[in-house]
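The first chain written gets the first letter, and so on, giving A, B, C, D and E; residue counts start at 1 in each chain.
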Amino acid sequence: MSLRILGAHKVFHARGARVTALGGIDLEARDGELLVIVGPSGSGKSTLLRAVAGLEPLDAGRILIGDRDVTGVPAGRRDVAMVFQEAALFPHLSVAANIGIGERARGSDRRAVEARVRSVAETLAVDHLLGRMPGELSGGERQRVALARVMIRVPAVCLLDEPLASVDAELRLRMRGEIRTVQRSLGVPMVHVTHDQVEAMAMGDRVAVMDAGRVLQCDTPAEVYARPATMAVARIFGPLPMNLLPVDEGTVVGLRPERVRVCLPEAGGRAGSVVEVEPAGEECLVRVKPDDANTDLLARLPWSDAPTVGDRVTVSWRPQDEHHFNATTGERR
Amino acid sequence: MSLRILGAHKVFHARGARVTALGGIDLEARDGELLVIVGPSGSGKSTLLRAVAGLEPLDAGRILIGDRDVTGVPAGRRDVAMVFQEAALFPHLSVAANIGIGERARGSDRRAVEARVRSVAETLAVDHLLGRMPGELSGGERQRVALARVMIRVPAVCLLDEPLASVDAELRLRMRGEIRTVQRSLGVPMVHVTHDQVEAMAMGDRVAVMDAGRVLQCDTPAEVYARPATMAVARIFGPLPMNLLPVDEGTVVGLRPERVRVCLPEAGGRAGSVVEVEPAGEECLVRVKPDDANTDLLARLPWSDAPTVGDRVTVSWRPQDEHHFNATTGERR
Amino acid sequence: AGAPIRLQVRADPEEAAVYRSLISAYKDAGGGDVELVTVGREDHLTRLSTAFASGDAPDVFLINYRDYPPFVQRGAVRPIGPLLEQEGISTSDYYEQPLRAFTYQDALQCMPQNISSLVVYWNRALFKQAGVAPPAAGWTWDEFVRTAQALTTGSVKGVGIDPSITRMAPFIWSRGGAIVDDENAPTRTTLHEPGARAALRAVVDLIATGATPTKDQLAAQRLDEQFMTGKVAMFLSSRVEVPALREQRGLDFDVAALPVMGAPASVLHTDAYCVASTSKNPKAAAMFIAYAVGRQGQTVTALGGRTVPSLRSVATSPAFLSPARPPASSRVFLDAIPHLRHTPVTPSWPEVEDVIGTQLQRAFEDGVPLDEVLAEIQKQADPLLRRR
Amino acid sequence: MGAAIRRWPLAVPYLLGSLLLVIVPLALAAALAFTDYFGFRPPEFTGADNLVRLAGDRAFWDAVGVSAVIAVIVVPLRLFLAVGAALLLARPRGARTAVGRAAAYLPSAIPDAAWALLWLWILNPLYGPLPAVLGALGVADPGFLTTPWGARAGLVLVMALQVGEAFIVALAARAAIPNRLYEAIELEGGSAWFAMTRVTLPLMAPIVLVLAVRDIVVVVQNAFVPAMLVTDGGPANATLTAPLLIYRRAFEYGELGYASTLSVTLLVLTGVAAALPLWLAARLAARQRTRA
Amino acid sequence: MVFLAPLIVMVLGSVQRPLQPPPDGLDLWPDPAQWSNYLAVSRFIPLARLLLNSLLLVVVAVPVTVVVTSMAGLAIVTARGGLRRGLIGVSVFMLLVPAAALWVPRVVLLRGVGLADTPLTVALLALAGTTPFYVLLFALAYSRIPVSLLEAATLEGLSPYAVWRRIALPLGRPAAVAVAALSTLYYWSTFMDPLTLVSSPGNWPVALGLRSLSEMEAALYPIYLAGAVIVTAPALLAFAIGQRSFFSAVERS
């Protein structure tokens, strides 16, 4: 069963102003597919998920799960599971009860639910917290419990709104794997919103890049990374935003910081000076101000090659690493 | 004025069980220094910040700001600013009022506050939201508003509890810069809790690695990265957790995934097979199961070198990239 | 025995006991089931109104003469005359005034249970202490005023009179005045006319002598309580006070006739049993009423102390007159009977009473000039009388 | 188009109950307002007669005035006491809080008649402790039961202290404010006063508003028991409140039809009066929002 | 202290000797204490019967009130737009209806459908929520519950009823406890409702009995006060016992 979103429109009226949260979204998450949504803060990602879940009525558009048009179906009857951006745990229920509440609501036997709860809690490393109350958990613990609540069942569609935002790196790596495993075994479409680009690339079968209520591009992560459809996509998607250099009238050249080389001033390329150096493990991020342009250039270099702030350097790149965009429409050339 | 934490102890009693949130913490954030705290979920980071702010009484230990012992001083008189992990916005006040409330509380004139609010809102890219109510914001917008509330003043100490967790990559990069700029201009000690290792390395003058209520290591990011003091630190700190291979009795060898090479089976090294490949932009993460060991090895490779799942490979590394740990104490050898 | 009926009476808890014994006596005498509903002062009419409105009215209810006009004029009552005749009750055995009072459009509507009147309660000990002679029958207003003055010493006031039309009426009549222009079909009040005005003037003058409780004293304690505690030596009321005063240990009191300003006069206080027009068991209701106003029933209620029996034979029997239980001079109530008159029967009368009471209070307690008050009464009460 | 969450069926019992016990009876009452009805015979339709009479009914309008005066004083006082007590006693601070809370709640648990009796004693011009205390303090005795304004003041006192309900409601509202918000204010160095005026009170405002509306209704319409038992409308009708007058009209004078006219009129008047705090609150909230 | 005084005076007054001259004001210290007044109460009203009726009334009406009002409150909070405004409007409007306007039509109506005059007639009011005030109270309490919680519950497949029962009711416990306490007090002490709705004295609640005691002669006031203490005591006792859990429930946000 696939999930299809057709022409979804949603406008909020906030203090007199109109905010277009969804400006006509068409999107499909195929059966057994993990669709990742990335996009800047406020681009409508949460609103889209909420609309799919039936929590936010659309102004226009349709939602289909399999062949079933669920547009008018109330949330409780869509068979959609969702992890909320702010972990929505029931403060009056223990962690175990929080995880099992859906199963119990669907009428499962208490014994059976208990066993399921325990097993899914182990998967998410929250089994030692089962007796606690949500108020006694740390931020990351809370998010994992919320995830456990969704992973215990087999819904028609599974929606995750930044479920790993407060989880530490190591656990995150592990949970990424867990989520994918669960999703594959369930074989249902899953839509996953994240800010973590690494996560998006690592997990997504496909990735949809949203901005200001629209889907800018939807393709495999590799394709989006390699050939961003617009300048906006180029900035939004990737571990680091792409450098965008206006070269001549009408064209902007995009360059991944990973592909920018920074050398001693003598070598060929554009001259400039280093304005910032951020260490990042084996690598570092270097911000260079070219002498002939106003836009800084960001480059990722091995730590061993790190310059210091103020150094005079030359930046260069291979022509095949350039992306060309239409300066006015922003579209790829 | 520096911030010093001496022997901080805090135990929670949750459902009969004792949870040691802080197990004797000694830590100093020097004047004008940005101290980053990283650590797994539940390791006591938020508790530590709350104790510094005076919101959580310590069971034992002292807090000093400059030469002033503030241990018994109520929160309001410590002159500490803090961004909470869950943005604590006032639901009945507009965004502008939320940002300005501290200034108003300290008795500033409304006119003056309005101007300051506008300027700090611009810095954090929330100026278009000033008239909205918190209920009408997206998750990331809310966090930025909370951040703005803190950045509007000049406190003695500044505490940030994962202020950027729900902010998108591009904005995050920008705000990282902003926070650092602000902090440097204020010249006050700032303690910043984050799960984002890149952030920790990029921003921190020093980084404290916490686990289970203790500080395992506190040093410059580069030093912690290069010479993790314990196995735990090695797993916790860094963009990817370190591989830890028990080699002989008593010793564990640690290897950064970035330093692991994966080649065709013929080359020298340990033989194994690829169990997982995660794309990550220019690179990919490869998980290899060596034939002679139970622990998987994680390696980061350029995307161009990516193998496919099931491939037979050889893993190798340079001896100087090995970290040696005592298998029982976990300490560096 | 007849069908079960429901009886609603207005009674405080002590009185309720009297009605309970009346009902059990009725049963012992072979009567049918009677469900007793006793309701307090304030709530009696409320309950009656809602009960009637919802078609759940009691079969029999006891009602005070002053509250009765709306009920009879608006058809809540089934005329009792014929019913009682069938039960063999002869109205000639009863005092005539209450019968007349409860007769409307030439038919007896409700059967009077008692015949009380306004009298002077007086405290024998305070009289003795002040060296004042006990009130004599036929004493005049001036004697009354002098007595009150003589009794007024230190903490004791001579007399207390509530500012209400039922208290004033006897004096007005005694002085030759009238309350309304036509007692059978009143269209306006006549308190401002000379006779009535003079009587009211006399009361105001009495108050001016200081022989009555001050405004604060009146607000501090009800008159009957002041009498019980020896703070007033005399006060005006009907038979209703007797049970409570009897219970008062150490209080030696008696009753005396009202003083006269001209001709002797007093005002009728009476309650009657009515059969609701909606009753499904008028027969059983009449049987019970016949018993209650019969010799046995009247004796039971008379012994309670609260009532002056409307049945002559019981009124003159020791059950009522026995001097062993105070007041010794209960005969005063019977002596007043020939001079009894009653206030008009018109639906708006309860409201008129409230208007007059409020205004008289201003004159008596706040020192507002009498004429101003009388004009105000005219202005407010006359339209009420003209309204149907 | 879209699918909101459907939970309105939960309101069905309430709506049915209200229909049977409030709406339909009210409709009947409204119909009775145009009749002569005494309860003994079916009502007689009289057209606008009752309205004409209402227009010229000075007693009623006087009573409405009395009710209004008392409400204007009592409602703010009651709210102040209830909310004040709730804020003072919001945080558990041992035995004193427990006693305080019990005390604030008690008067509402005492039967009205006993409460009235007590106040008859407290206000008693000769023996009462309150006039005595006032006298000792050199304050002129307002004449609690004897002068019009004194009696009104007395009535105000009687009603002002029975705030157990509002107290509990306010306490619950105070408890519902997340602690995190106070932590934030504390960190910003805001004073307790600042926290109360900028956080506590605005967040409690909706509930205080409902309490205000309810109090207006209670004082203007239903609280005739104190007036009946303590002052009985006197002296000289100074405390004859609208509900007491309607009560007398209906049950002492038996005019159920006209009493309905008065009741419905009172309903309209209270509606107007209650709209005032609603309007005020809307204004205040709008100001608060942007100012902090 | 101002608040506590009435209770003390009431208890002291209840052990005064009856049938003595009414004291000037209230003579505070009884000498000797006349505990027999408490026994005397049942000479005047069928105390046991009335207490039982009241108990029955409370036991039935209070839970019904809490259920009806909390469900309606949740409906208000989760409804949107016109429906929500409509529900709130109806509630506020009903709040404004004078009680006196309803007594007569109400009893006429209830008799019409044959529901008048039972010990539980007054409990019918609970169906209408006793007062719309309680509904608004719940609506306010529930509006503080993060919307995402209710939404999460719905997504988990909980029916509207289950959302109410399993999520809203426990989370709104302070409001539920408050409404339970307030309505207990209401049904325990209401006398105008039974006065108009219940005609058979056998079905009366104790408050109505107390009301008739209150009209006794001044000399018997100690007995009335004893009755008042008897009637007030259960309410206070329940309050005293429940106060800890009551306020802790109210406190927990």
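By definition in this document, contacts are C-beta pairs under 8 Å (C-beta built on N, C-alpha and C of every residue); 3 or more make two chains touch, one makes a residue touch a chain.
What you see is a predicted model; the values in this text were computed from it and never measured.
Minimum number of contact steps separating chain B from chain E: 2. Summed over C-beta pairs in contact, the chain pair with the top total is D-E. With chains reduced to the mean position of their C-alpha atoms, the one farthest from chain B is C. In terms of their C-alpha centroids, the spacing between chain A and chain B amounts to 20 Å. Computed centre separation for the pair chain B/chain C is 91 angstrom, with centres defined by C-alpha atoms. Separation between the centroids of chain A and chain E, computed from CA atoms only, is 54 Å. Along chain C, residues 42, 46, 49-50, 53, 220-221 each make contact with two or more other chains.
Shared interface positions of chain D, i.e. residues touching 2 or more other chains, are given as 4-6, 39, 124, 126-128, 178, 247, 250, 256.
Chain contacts: chain E has residues 24-25, 103-104, 108, 151, 154, 160, 211, 214 touching two or more partner chains.
By the touch criterion stated above, chain D contacts chain B in their complex at residues 178, 180-181, 183-191, 194, 198-199, 202-203, 205, 285, 288-292.
On the side of chain B, the complex with chain D involves touching residues 53-55, 74-77, 79-82, 84, 86, 88, 90-94, 96-98, 100-102, 104-106, 110, 131, 133, 149, 153. Residues of chain E touching chain A in their complex: 146, 148-149, 151-160, 162, 166-167, 170-171, 173.
Those residues of chain D lying in contact with chain E across their complex are 4-11, 13-18, 20-26, 28-29, 32, 39, 90, 92, 98, 101-115, 117-118, 121, 124, 126-128, 161, 164-165, 168-169, 171-173, 175-179, 206-207, 210, 213-214, 217, 221-222, 224, 243, 246-247, 250, 256, 259-260, 263-264, 266-267, 270-271, 274. Interface of chain E with chain C (complex): residues 19-25, 43-45, 103-104, 107-108, 110-111, 116-117, 195-196, 199-201, 211-220.
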